[in-house]
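Some notes on the structure that comes next.
Naming follows writing order (A, B, C and D), and every chain is counted from residue 1.
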Amino acid sequence: MRVGEVCLRVFDLDEARRHYGERIGLIETHKGDRDKLYYKASDEHDIYSLVLMQSDTPGIEYFAFKTYADSDLERFEKALTEYGLTVEHIPAGTYPRSGRRIQFRLPSGHLMQIYAQKDQIGNGMPTHNPGTIPDEGYIRGMRVIRLDHILLGSSEIMRNREIFTSIFEMSISEELISHEDETRIAIFLTGSNKPHDIAFVLQPDGNRFHHISFLLESVNDLFHAGDLIGKYNIAVDVSPNRHGVTRGATIYFFDPSGNRNEVFTGGYVHYPDTPQLTWDTSQIGRATFSHDNMPRQSFLDVLT
Amino acid sequence: MRVGEVCLRVFDLDEARRHYGERIGLIETHKGDRDKLYYKASDEHDIYSLVLMQSDTPGIEYFAFKTYADSDLERFEKALTEYGLTVEHIPAGTYPRSGRRIQFRLPSGHLMQIYAQKDQIGNGMPTHNPGTIPDEGYIRGMRVIRLDHILLGSSEIMRNREIFTSIFEMSISEELISHEDETRIAIFLTGSNKPHDIAFVLQPDGNRFHHISFLLESVNDLFHAGDLIGKYNIAVDVSPNRHGVTRGATIYFFDPSGNRNEVFTGGYVHYPDTPQLTWDTSQIGRATFSHDNMPRQSFLDVLT
Amino acid sequence: MRVGEVCLRVFDLDEARRHYGERIGLIETHKGDRDKLYYKASDEHDIYSLVLMQSDTPGIEYFAFKTYADSDLERFEKALTEYGLTVEHIPAGTYPRSGRRIQFRLPSGHLMQIYAQKDQIGNGMPTHNPGTIPDEGYIRGMRVIRLDHILLGSSEIMRNREIFTSIFEMSISEELISHEDETRIAIFLTGSNKPHDIAFVLQPDGNRFHHISFLLESVNDLFHAGDLIGKYNIAVDVSPNRHGVTRGATIYFFDPSGNRNEVFTGGYVHYPDTPQLTWDTSQIGRATFSHDNMPRQSFLDVLT
Amino acid sequence: MRVGEVCLRVFDLDEARRHYGERIGLIETHKGDRDKLYYKASDEHDIYSLVLMQSDTPGIEYFAFKTYADSDLERFEKALTEYGLTVEHIPAGTYPRSGRRIQFRLPSGHLMQIYAQKDQIGNGMPTHNPGTIPDEGYIRGMRVIRLDHILLGSSEIMRNREIFTSIFEMSISEELISHEDETRIAIFLTGSNKPHDIAFVLQPDGNRFHHISFLLESVNDLFHAGDLIGKYNIAVDVSPNRHGVTRGATIYFFDPSGNRNEVFTGGYVHYPDTPQLTWDTSQIGRATFSHDNMPRQSFLDVLT
């Protein structure tokens, strides 16, 4: 269905709370673990979608797809095992207020989980005669609506591509290929009407984290987010621009531990019959940042 | 996958061309039939999504869902036949540049088709290094991006509800129920991340057409559309407002034959696990037009 | 320079505080009078621009223009006296933290003041290295930026027209005239780059109040304001639309005492050499609400 | 009143026509001179505001302020002469469809003119019952509305500051000063409700041109402009960002001759009593580009 949960490692939970809570405007929805923070975005219903974990190294600890039916877990376990991956079982309750999960390490080195159940606490509006806007203060900071997608780096992305298309039945919306030898440099995958749910970029090392992206409602809100980023001296990677890939409007910045964040809005509506788009590296500037067609080295090289 | 094609009946093709082509900004993509016009919106890839047919009575002639795989047609035919509907076969080529279809009449009286293949002509940008914006003039008029959804009226909507949820596996995103006896007044169905792909509203008669909706990129474009609507004295049903249901921003207006059109932007992201929302008729003003909570009688009563 | 202060009469100060403070998002900046509330909008520097006064009848008590130099007061006094108006002196300090004023009753029956000095408390940002956005919470509610303009009603508007153009040297940006006898129905006056600072509309009675208008940054914020208006069941006069006159985007609603408020964004840039525009009453729908060209009787008839 | 006319030197008129006409969307309104192009923006009334002149060196040839009354010319001539500048007379008709002008060289080295009359051809809408939007195609390209302001560079900006404040009675809205010795680095001047009409930046040489700025309606249109800039490979100086100074949203790019252009939207409402803002060079990143607080060397150094 979607990337339902991402667990990032951060140096300091107080700094992380200020960044993800006060600045970005995520809502802290669960307390209890001394070394973890649990967040959801304003228009999400599940109790949490982002977990921050105290650590000495930044980066991604694991990510988890939510699937619709519990029975999907058996089906995926079977297919993944046949593909040659080792699948572990995580009992219900291991993660707070969440059902059982399966867990496995992708060829890219990333730890992935799948689960079907997590408690829902709503989006600040009732389900009967809900209205259109929650109480003031529920949407705050950068006014992010949802966790949108993640981009991960690895030296091995082609086997991930195979797993996500054949086992998870996702579509490739776009690919960036080398204009010299057609090597895939980046692969964008969607299982929804969004232009991407997850993407992989070729990197020298495995198990790297490029960014986590949060959805905004409009370019007005993107500029509002930029105003906050500037006000609080948040480290910026790329100021407002339009992606060629996905056609989304974007700002990239870093959390206090150096993990890259994105706020994102727009992008086209994708269906399984939407033609796949291909960019080659002769146009890497346009593919990444189409308002000036200028590649940013930091954007390509800096991962956690 | 989606509502891939809608066929509306109009009095006069020249007037319809001015309205849907010049004013709304749809692109006429196929010619050849003396009594029909074929249109696509700017960011659609299939050769046409709207067919206008010369007729003495306005309303909807048929609508068609596009499904991903041709093999789905057999599966749906079997399920629909078991449900008790009569399913016809339409050979490939009957509709221009389209594959075979199945056709049946819904309990609501509406003629529905399903097909898996239609030629694609793209969205004005190449699939290799596409860029982010087509040539000037490709997006024009009201700057509509896509056909978004349709709303149909009938005295029999509960069996449609059953067919769309059980056979087509769509989710009910929202329902409007009578606050007196809990009768369903309107049912909103989605098979995507949109808050609705199709909806049905209870009406005295069967086979009625309420509106066809086109997607816009922003509320700025909604106001731009309103400017054109006012400039060209297009008959307006409801000027800019926010729906309670779907949370989308909207303008309703009529084509020269009296068929209702909508331009629409926003609305939440829907997933199968998004809690279903229910509105009751004590809040019908807010459910329909939440900026003033005022029900519009014409909006409820006028169908073609 | 501008309409620097408006004093409205309201039934109940607690209700008014909830409406103008919490809902509209004005900032209460001065306390001390038991029967009055003092407000400024977020991007204004003067300590207050709106005064609410407890009363048994709604409407406007007075309005005041701020002029740049104290010496303007003598000049205006002389010209107004020559015109035949009686000008009173109000000593500095009569109004809190404000300099001396002159006061007179316009031919339309409205009480008007002029002053040159009022304390400034800033817009939530320093004047040295100010940044671009104040702390969260400073901009709240409907996110209004400034008091923009007022519209007043009277049976006598032509002599006001003469006073505002010849003595106050304002330009007529637009006029609405009767298409039958060319009587002026409404006169829009500007002394700035805004399409209007003050306007007068012909009404059976004198000294009437049509509306006070607050500036918003974008149509996104206009829709956000509409969401709050709907959420809190604020009485709406006209939901989102575009004015023909001024080309501004608008929502009209009422405070709990029945005084009409507007949130407004856009409108053209005006200069003294901008050609004056004229509308006639055959197009009164388009002149007032150009997205549907539909005149609203309540908009024309309901004043306080 | 405003910067009513700017004359830029360009290498090639055909390239310039493609850039300023097709891309930016200015309207070519006067023909007749072999070596010049005359343009206005869509919502301007005067027949032209931008003149492009074939030349071997880029840069600014002259700029002209429009004043309201012809009698202002004598007043300004007297004051400028007393200040020590040499004032020339340019007879009516020397510039096409324009009245007489006075001309003088500012201490900064820039040639400046003042005039009171130029023919008006309107903004694509009538002055009687104008409506709100011109015919399709009138607003095109980047959808610029007006010439907004210019920024000029010189080694001598303090005497310009004196002339513009004392003789032309403009306000200083903001200044950028050295945090070491308080030297003025940049001075922003306004005679309107805009945060600046003209600005001067300290540079090693005199008579330099930094940029000409065109007004857009919204940040949506700013992103649309960015899409066109990227599509047509227009050389970009700074992709979308927010200025600290003026709080406007901006993109900087270059015409084919290397003259810098800006598209601009937003910025606060200025009045003569708005407190002057000061930035120091310790915050030059934030003052110029507040979404990342990063100074751009090219922005500071590259002038024509």
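The working rule: a contact is a pair of C-beta atoms (placed from the backbone, for glycine too) under 8 Å apart; a residue touches a chain by one contact, two chains touch by 3 or more.
Quick caveat: nothing in here was measured; it's all calculated off a predicted structure.
Contact with both chain A and chain C is made by B, D.
Among the other chains, the CA centroid farthest from that of chain C is the one of A. Centre to centre, using the average C-alpha position, chain B and chain C are separated by 43 Å. A separation of 31 Å divides the Cα centre of chain C from that of chain D. Chain centres here are Cα averages; for chain B and chain D they lie 47 Å apart. In chain C, the residues touching two or more other chains are 131-132, 217-220, 227, 230-231, 242, 244, 286, 290. Across the interface of their complex, chain A is touched by residues 22, 131-133, 136, 140-141, 217-218, 220-221, 224, 227-228, 230-231 of chain C.
On chain D, the positions that touch chain C within their shared complex are 1-2, 43, 45-46, 66, 68, 120, 122, 127-132, 145-146, 192-194, 215, 217-219, 242-244, 247, 266, 268-269, 271-280, 282-283, 286-287, 290.
Note for the complex: chain A touches chain D at residues 218-220, 222-223, 226-227, 229-231, 233, 236, 239-242, 244, 249, 251, 286, 289-294.
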